[in-house]
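Shared between the two complexes below is chain A, which has chain B as its partner in the first and chain C in the second.
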Partner chain A sequence: MDETVAEYIRRTVLKIPRDEIKTMLEKWGLLSETQLQTINFRQIKESISQDVVQLCEENSVDIKQAAVLDIIYNHVYPNKRVWCVYQMKKTGEEAEFFDLTDFKKKFKGRLRSALKNVTINFREYEDNAIWIRIAWGTPYTKPNQYKPSYVVYHSQTPYVFISASVLKSNLPLLCQALVLASNYHDIREMELRSHSLNSLKDIVFKRYSQNFQTHYPRPLQERNVAPKSDLRIIQENRNEKERIERVNREVFGDGPQPKLEFAQYKLETMFKSDPQMDVLDKKEPFRCLVKFSSPHLLESLKSLAPAGMADAPISPLLTCIPQKARNYFKIREKKHFFPESFVSP
Partner chain B sequence: MAAGAAPRPARRGGRREGGSNGPRREAAPGLVSVMESVEAVARTLLSFGRLSRGLPFGRAHGLSSRDPLLPLAPRSQENADPQRTAFLLRKQWTLYSVTPLYRFSNAHLRDYARLLSAFIAAEKQKGLAVEVGVELDIKVAVSSLPYLKGSDQDQAAILVQLSSRSPASPKNSEEKLIWSGWFCCVSGDNLSKNVPEDFTCLPLFLVNGAECYTSIVGSWFQKTFDCSFRRLAISPLILSWMAAMWTGCKVDKTASAMELVFSVPCLPQPLDISYAIHPEDAKALWDTVQKTPGEIIQEEVDVFMDCLYSHFHRHFRIHLSATKLVKVSTAIASAHCDGIIKFLQSQYLTGVLMLLTELAISQIE
Partner chain C sequence: MAELQPYNKLPALSCAVLLLVGSDGGLQQRLAEAILREKKNFKINIHLAASLPLPPERDHLRPRIDLVAFMIDIKSKYSLKNVEASLAYVDDSFFLGKVCFLVTGVGRVNYCSVEMNAIRNLGEVYCSPVLFCELEVEGSQVATAQRLLRMLEICAGHVPGVSALSFSSLMRNCADD
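Up next, the complex of A and B:
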């Protein structure tokens, strides 16, 4: 077995949390049951990984097989990467029958005709997700296994999730190969990025509970509910608090929010002030860049109005994130009729 | 963040006693105006009674005697060779206030280095020092930086540097700088003139390096000169002053954005908001707000910040004034509320130090 393969396997095993190693090796299936039993999974990870490498030597594991372990790891821990969403476009015909073999052949063919040195792996999962791992080389160097790109394609949809560690120069080629293999004719990057792959899927597949502009009639029971809390506590502004809660629910929806970590707004709108203040009155845009970040951004924004830090309803620039399926925006002033509203291209 | 009940200093009458616009040395116009504005701010801040030693308009009295000092500030800038101060730039410095040092002498710097070195070695023996498993030979250097001061009354800054050489490498191999700390006083007359003979006033201490060394060096100074150190926090009010003040500074090269960072920790999921404004647009706004030449008043800072907050509110319907301003970043410097500063332009170094010195003095008193 090649030294580079051995080293790659060793480092991949080291990434895995110790308690997960056995399960992942079983999923991998390159080591037999008997071989797995010879490993002491209670020792330190360095020793476990060396034992694994030793056994892989016996089985003459090659790089393509080793790469499968990497896919398994990334499938269990996708949130360690940042994912970008791409949408493919067809020229309007009916959906064709998806042929996986054909897809793989065309994809590999396109990449290999451009780059001799490339490692490509496919792995299919239950939810119709096809995971593709690509390690990129150059005409003169072997593929770099430590900086692979990951693609997750749900064949029944036009959406592709690409892990942003792609060496940028290979991105156009990757997009070409995807479009060709899936029989679409174009692909565009959506302004939507996150660590949470599942949340991105929730957003584009509309799997979250959406907000509807429904009138919520005020439930009568509320008035008759016996107060559970201490009678000495008086709720001031009760009506206002209830209005805020209601409006907040309307704009954010009732269910759990998709998990995003950041949203970015490039503002190119005019600065407007109270004319009395006699300040800046430029004819050019007031250029700003606003970034929101949080472990769970949408839940955080949802809690701002009830906490008194934002008006209710909060700005649609924020609440539109799941519907518009984007978290990067460029906001310009709307020209004609509604000077107070904004356009985001 | 509004001015609230803070008194507005009656600046108009007392300014520029002795007529004329005061002598101007041949410094670049941009420099003089910024030094004026930075000085003006320092003075204005003091007249709150917040930063001064109690006299509500204390500094106002000193204005006329202060004026001759005005050209001195640019002069010290001219002396401050950008190359000599380059090592202070673009590094993160943690700030402390230091009470006056008893019986400290500029003439004994070498002795201090020796004693501190011995102290560090002793601490290592006790097992208290440094990082586990790393056997380092630590060398101490204490030097004076005479060009880092505001007025002649100021003490020259004192720089302490710890460098190491791993015992594995050969004797004359390069030493690696592992820790730096410097004491300074820029225009700290407020403190120094009220302190008895034997005391040296160096109220501001800036540190870059591992905490373990900071505490050893700090303990030695505390023991030797009977002084005490305290972390210097920067309030949101002061941060907004810095934002306004530094936005107005003229910068030669392409400036970086003026960035304000807000934190909202007390939510179920904490939120951070970064609000960065194109430096030209921020300066254009400040220039229309700042109406009185050569001075900055609280009201102007408030208007500036309110403008930024309302522009933000117009888009997002979020009240930034209800959040906590934790960091301000401009082309000339950046400051964090935990008392961390980064100097980015050598020509404004002294100006920023002057403000920090004032903050340190107010914390001591």
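Up next, the complex of A and C:
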């Protein structure tokens, strides 16, 4: 077995938390049951990885097989990577039957015709998700297994989730291959990025709880609820608090919010100041970038008004994020009648 | 009348009423509970409001308010704006010792969003003492509750010989001399 393969397997095993190593190796299936039993999974990870490498030597594992372990790890821990969402478009209306073998063949063909040194792995999962791992090389160097790109494609939808590696120059080729293999005509990047793959799927597949314009009749028992707090503490603004709760519920819905870490607004609007102050000599757009970051952005926006940190309802620029399925915005001046700026499509 | 008046209602016997005005409801609740836990020999009611003016429909039920404490969270400019807007709805005679500013969240130095100058200015313009506290720390919470309780006692007239007017001595800055 090649030294590089051994080192790669060793490093991949080291990434896995110790309690998960046995399960992942079983899922991997490259080591037999008897071989797995010879490993002591209670020793330190360094030793476990050495044992695994030794057993792989016995089985003569190659790099393509080793890459499968990396896919398994990333499938269980997708939140360690940043995922971008892409949408593919087709001009025809017919829903063609999706042929997985055809897809794989065309995808591999397109990549290999442009770049000889690539490692490509496919793995299908129950929810119709196809995971593709691509390790990129150049015409003169072998593929870099430590900086792979990941693609998650749900064949019944036009959406692709890509976790590009640092080598962004390969992205156009990757997009081309996807479009060709899936029989679409075009692909565009949606301005939607996050660490949480499941949340991105929730947003584009509309799986989160949305606010519907229904009338919530106030149940009578609300008024007869026994006060939980001390009777000597009197809330003066109870009505206002209830209004805030109601508005919040209407805007955000009742269920948990999808998990996003950033919202970025690139402003290209004119600076509006007192004409007498004449701050800017030239009338050009004032470039400004506003970035909101949080471990869980949408939940924190939802709790702003009840916590008394903002007025309810919150600006629609923030609340439109799940509906518009984007968290990177460009705001330009509206050229027509209204003086306020608008959000670009 | 939209303005809060200090003397337009009759006081109740052996009773004192504190009004906390601030945008953070949870913090107000915690402070109110801390005050109620302290030992005192008069009845106390605490009203919590997010802003002024208070809803007029409950005006007839509301007792006379002895002390108004405006809560400003040093981490939130919004809370300062809220307090500044609410100050317009307080009658001038309240500012003779029956108003104080409570600045919370001072333990987290890195997250200060409101400038010290703004707060000092507020205290000077409205001739009212400014108290600093960190309600997330048990010790500071208890100390603040005790201070407010003592101030409330004086404002309600339960301490013979001391009136709310003496609070102006709390505001004298050493640098002024």
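The definition used in the following text is that the second predicted complex is superposed on the first by the 315 of 345 C-alpha atoms of A that agree within 3 Å, B and C clash if a C-alpha of one lies under 4 Å from a C-alpha of the other, contacts with A are read in each partner's own complex, and residues count from 1 in each chain.
What we mean here is this: contacts are C-beta pairs under 8 Å (C-beta built on N, C-alpha and C of every residue); 3 or more make two chains touch, one makes a residue touch a chain.
Predicted model, so just to flag it, every value in this text is computed and none were measured.
Contacts of A:240 after superposition on the shared chain: chain C is touched, whereas chain B is not. Residue contacts after overlaying the shared chain place A:299 against chain B, while chain C stays out of touching range. Judged by the touch definition given at the top, the superposed model places A:271 against chain B, while chain C stays out of reach. Number of chain A residues touched is higher for B, counting chain B against chain C. By the document's definition of touching, both partners, chain B and chain C, reach A:307. Of the two partner chains placed by the overlay, neither chain B nor chain C lies in contact with A:144. When the two complexes are overlaid on their common chain A, residue A:230 makes contact with chain C while staying clear of chain B. On chain A, the patch touched by chain B and the patch touched by chain C overlap at residues 307-310. On chain B, the positions that touch chain A within their shared complex are 257, 264, 266-278, 281, 284-285, 288-289, 303, 307, 310-312, 314-319, 322-323. Contact residues on chain C toward chain A in their complex (touch as defined above): 22-26, 29, 32-33, 36, 43-51, 54-55, 58, 76, 78-79. Of all the residues in chain A, the ones that touch chain B in their complex are 265, 267, 269, 271-273, 277-282, 286-297, 299-301, 303-304, 307-311, 313-315, 317-318, 331, 342.
Residue ranges of chain A in contact with chain C, taken from their complex: 229-230, 232-237, 239-241, 306-310.
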